[in-house]
Amino acid sequence: MGSDAVMPLPLNVYEYESAARLALPRLIYEMAAGGAEDEVTLRENRAAFDRWRFLPCMWRGIAAPQLRTTVLGQEISLPILLGPVSTQRLLHPEGELASARAARRAGTIFTLGACASTSIEDLAPEVGSWWFQLYLFPDRAIARDLVQRATAAGASAIVVTIDSPVLGRHEANLRNGFTALPQDIRFANIDPAALAVHDPRQSWKDLEWLADCTSLPIVLKGILDPHDARLAFSLGAKAIVVSNHGGRQLDSAVASLDALPAIVEAVADRGEILIDSGFRRGADILKALALGARAVLLGRAFLWGLAAGGEEGVFQVLELLRAEIVRSLLLSGRADVAEVDRSLVVPAGLPSLGSSTAHN
Amino acid sequence: MGSDAVMPLPLNVYEYESAARLALPRLIYEMAAGGAEDEVTLRENRAAFDRWRFLPCMWRGIAAPQLRTTVLGQEISLPILLGPVSTQRLLHPEGELASARAARRAGTIFTLGACASTSIEDLAPEVGSWWFQLYLFPDRAIARDLVQRATAAGASAIVVTIDSPVLGRHEANLRNGFTALPQDIRFANIDPAALAVHDPRQSWKDLEWLADCTSLPIVLKGILDPHDARLAFSLGAKAIVVSNHGGRQLDSAVASLDALPAIVEAVADRGEILIDSGFRRGADILKALALGARAVLLGRAFLWGLAAGGEEGVFQVLELLRAEIVRSLLLSGRADVAEVDRSLVVPAGLPSLGSSTAHN
Amino acid sequence: MGSDAVMPLPLNVYEYESAARLALPRLIYEMAAGGAEDEVTLRENRAAFDRWRFLPCMWRGIAAPQLRTTVLGQEISLPILLGPVSTQRLLHPEGELASARAARRAGTIFTLGACASTSIEDLAPEVGSWWFQLYLFPDRAIARDLVQRATAAGASAIVVTIDSPVLGRHEANLRNGFTALPQDIRFANIDPAALAVHDPRQSWKDLEWLADCTSLPIVLKGILDPHDARLAFSLGAKAIVVSNHGGRQLDSAVASLDALPAIVEAVADRGEILIDSGFRRGADILKALALGARAVLLGRAFLWGLAAGGEEGVFQVLELLRAEIVRSLLLSGRADVAEVDRSLVVPAGLPSLGSSTAHN
Amino acid sequence: MGSDAVMPLPLNVYEYESAARLALPRLIYEMAAGGAEDEVTLRENRAAFDRWRFLPCMWRGIAAPQLRTTVLGQEISLPILLGPVSTQRLLHPEGELASARAARRAGTIFTLGACASTSIEDLAPEVGSWWFQLYLFPDRAIARDLVQRATAAGASAIVVTIDSPVLGRHEANLRNGFTALPQDIRFANIDPAALAVHDPRQSWKDLEWLADCTSLPIVLKGILDPHDARLAFSLGAKAIVVSNHGGRQLDSAVASLDALPAIVEAVADRGEILIDSGFRRGADILKALALGARAVLLGRAFLWGLAAGGEEGVFQVLELLRAEIVRSLLLSGRADVAEVDRSLVVPAGLPSLGSSTAHN
């Protein structure tokens, strides 16, 4: 395409993904887009949204739906956060800085990854509200140091990723020979010499240790089993993220959205329930809210904006999703994301039929 | 195709769609055929028919099935009406006039849209029974004026579309750059200077206001939730149309046919239940009647006839559907559309098995 | 293919269909293979078999499974009959004679159609046991005459097709311009001058009239609703054929196999239940027996043999199906078709799980 | 490919299959890969795994999951055995010797087939723990002789294949003209002159006869019906293999995995339950363990390794599956294959919803 050609603005997140695919080297795109093993869970995350349909109400007289909500007491302008993603400079030269600025402009929270390619101290001045994501590195001193630096720099919560005792197997990466970071990209907050990210020995006991390291609220990310959800809140977590890591860890794990109802039933009164994995449309987000989530963490959805257009691309993705949520709320007669509940959705397919339906 | 080539008469509505696709500029065809966002609901409307199978009876001695029925006390020759569609001159130079004449010839009701490209006064002399469809324009004076003109011109009911507080997002239109009417097509009943069609503040209170404007029966179109159906009849509507606007408003909304049974269960004794969205075959119409609808409003199905052949094309589509209904009634042993009930259909798939089926 | 090329013997009925497709003019093939309208029921007839799986038993010590059974007291060497098909000379010059001879060689019953292209009197000397199929022509004198001629010629049952008050709409035939028989093929038993085949006024009262015409047992073909099955036996039928006419009459009608269990539950103790529509494999036939059918009528399956190889082709199809049934009985531990019951099949898909499966 | 080209090591069993397909003559590949008749069961075996999803637990502090288990009291290093496959020299010149050596290196059991292309006496010195598979040849003296030779040579169990009273019909083999072994491959343990492999008269009485022939534990392979499972243990079998012979015998038989829960419910306390048919991933194996199997027998999965790389290929397949199981256990919070139970899996699809989900 000649330099004067003007790309029309993508109309939805899928088109941002197409633009990202064109903008990125193939092995980076496939690294970001792909999942573990047979990618069963990757696909299932999307399929799960299709198991629900909206049952909209009409004529509710809603001039301007309210999207503002809070997570952990912090106000956000829409029920979407930017979730943790490692080394975002792989996708755009400005990496996490671009994403964080876009989150600030859109009025929501940015999460800085433990394996970010931007240092905590470089990021802090450029971001609004932000959370810090932590892996429990085998060398716990590294983890403690990171938490303390993040706290000092103004993070307002610590998100611990608990679904990664080892790294999931991404066969596309192996096929592409993508097994280490390129030379010019590095973990900006960790000494590469000391680096071992995953620790299979991590356990619920570490939560106590972590609570001693910080007074920030702790969010546990990667929960699918209701028992774990109960454990999390019993042991002091303030929020959980229902997540299968975007299908990148245990393949054939249940879709996040499919896991949500049982978790909501188990712990809805115990703390805040967030969710990620597979969200691409405002409608997806409303389905998660309807099933009991408080807000959604984006991963790939904002990465495609980042790769396609840096800060502006991430901001556009957020505003596009905001507009989709607004429109869907208007069209379904809900005035406020806070009043979105199970009455908004029905299972797709043959309606369950009452007693009047027997005919023989 | 050379001018002497004779196109064989289309054999079914799908073939009318193919003919329309050839006859129309691409962006007009895609505007008419498409739906909102990912077109989940557009497809689901069709898929819903496939969830039901007929259980025909034999040897009922039916020489000529009876298709005549009434809606709001008006007799129609078959359980099909032409539903409201805006600016039909986009599809054929004669636009609404052609459709209305075809409805008269076929012995059914035509619905003139608020955003028609033919004026109420031009239409009235050319049509038989007709209804007038209304959007509650933000400037209610426009709405009142339209209702009064339609009443004066002989409309026999007012159909209020209540699922459109804002316009659904048709991404194909945006991609095609189709965001305004061509120069030669205009809304014939509304001053374009005053024009804002959608009003998100509309609500059930407007029904009272509207009832004060007219003594015509009011039909509310766009209901999917049984609570709304109850509200509609409680507040004085005489009929409702179960509809998701042909998948053009809230994407991922439940299919009309899937929403029907719960609405029938809630309000079958309260007023007349009509339906639209996705109907292409006589068999589709019989399934809706079996699940409790009184009649079906056509949208795209008659548009394809209009685009392919003007008045004659619309008439052929109606007669084709009439013949399909007649044949299906004969083959399923029903003498009259009035006796089509739940006994005509069973869910598709594995039959539900009685107590004799356990085997371990 | 050169004239010396030897076609390998088809390995299954699908390959006979491929051979027939090569052997027949396209419009004849499509006439025979196709179904009504959207061919929903045509496909559903095949899909229904896929809803069941076998649960075989092992080590039952069965040297030679027994396939012999009876229908209406007549012994047949396998639970398959040749069902009625009109004007078989369209498929092969020897038409019904070839099919009938093959049935005799295979030890089963042939059914001569009312609209056969071979006369009753020509057929009778060449066939073993045979049934005569009747349409209730509007001119009942024609029907009575046919029954009397068939009785005189040695037919052992009268099969009345009751699902055809009018002809289903085969759009492929209309598209192909195939709306009348070719000049050289004619109904051999009916005066073409008097010919109107379908009579929508036919009803259950005609069964009484028919019983007065003949002392032969009467089989009613085309039943899908259990109420009709009850009526049939109450009014004196000796057997019924659960059938949707191979998907050629009411499109979207329930698959024959899906309709079978409710009919078996309603009338298994009242008379013999036969079935047709969609059978292509020995496994299909065993599924029908497992769900309560006594035997299966073939339609297209034997036509493909007829088109591909005349009498020998039909015989090969029967022997192929016999071998498939024998093998499947051996592999499932059933010694006799008479002992095939519901214990042989389970619904496909996720097994129903006992009380031990709950986990939260 | 030039001789210097280095094939990257296959990343999963599917890639081993691709390598095998390239390495083998087409008719050998299709013989090994194919199934009976329409291959419904062949596909269903794979589809059955997709009906279940994992519900992983997090933060269980598992440094090194334990894969060691026992079958019939013999320790194996992972819950996988090499199942019986005939004439493995068709796939690689070293045939059974290669497979057996790989099993020994991997620390598991090899099963020598009755129709092996390697003699019992040649095999015994090269293998670790091994079982001997038996067909009940019509000439029982052959069967007894084989059992006695296998016992003398050190086999530790006799696996009797009971699902093969006749051979399933592999139409691909017939199409390929592959109806006999090539000249250079022969059954190494049976006199070809005396050869008739299948005996439809075999029955449960033969188990008594067999128990008289040997003091080795007897494993019955090919059980799908819970009644047969009860019979097996009642009559003295020590283990059963839930199996449909990889879809090679009765087509349309239930998938092994679908048959497993009812069998586990019936006989879990009576003996050991093994399974085969369709396993390609560590995740598949864990699903079977979760549903109650003790270990899995591989068939085609190790054959692809054998064809692609001989002993080393089989070893790589085993180590690849070991690594997949280890990773999946780590990611699902299970420390030991022995603690994998129903809590690890949930049905795929719409979650079952509690009482809070009704909305009308």
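Order of writing sets the labels: A, B, C and D. Residues in every chain begin at 1.
Operating definition for what follows: a contact is a pair of C-beta atoms (placed from the backbone, for glycine too) under 8 Å apart; a residue touches a chain by one contact, two chains touch by 3 or more.
What you are looking at is a predicted structure, and each value in this text was computed from that prediction instead of being measured.
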Interface residue identity across copies chain A, chain D - same or different by half: different
Rotation angle superposing chain A onto its copy chain B by C-alpha atoms, nearest 5 degrees: 90
Whole-Å separation of chain centres (CA-atom averages), chain B against chain C: 41
Shared interface positions of chain A, touching two or more other chains: 55, 227, 262, 346
Contact set on chain A toward chain B in their complex: 8, 11-12, 49-50, 52-64, 281, 283, 287, 324, 327-328, 330-332, 346, 348-351, 353-354, 356-357, 359
Of chain C, residues touching chain B in the complex: 37-38, 40-41, 44, 51, 55, 162-163, 165-166, 168-169, 171, 174-175, 200-207, 220, 222-225, 227-228, 249-255, 258-259, 261-262, 265, 342-343, 346-347
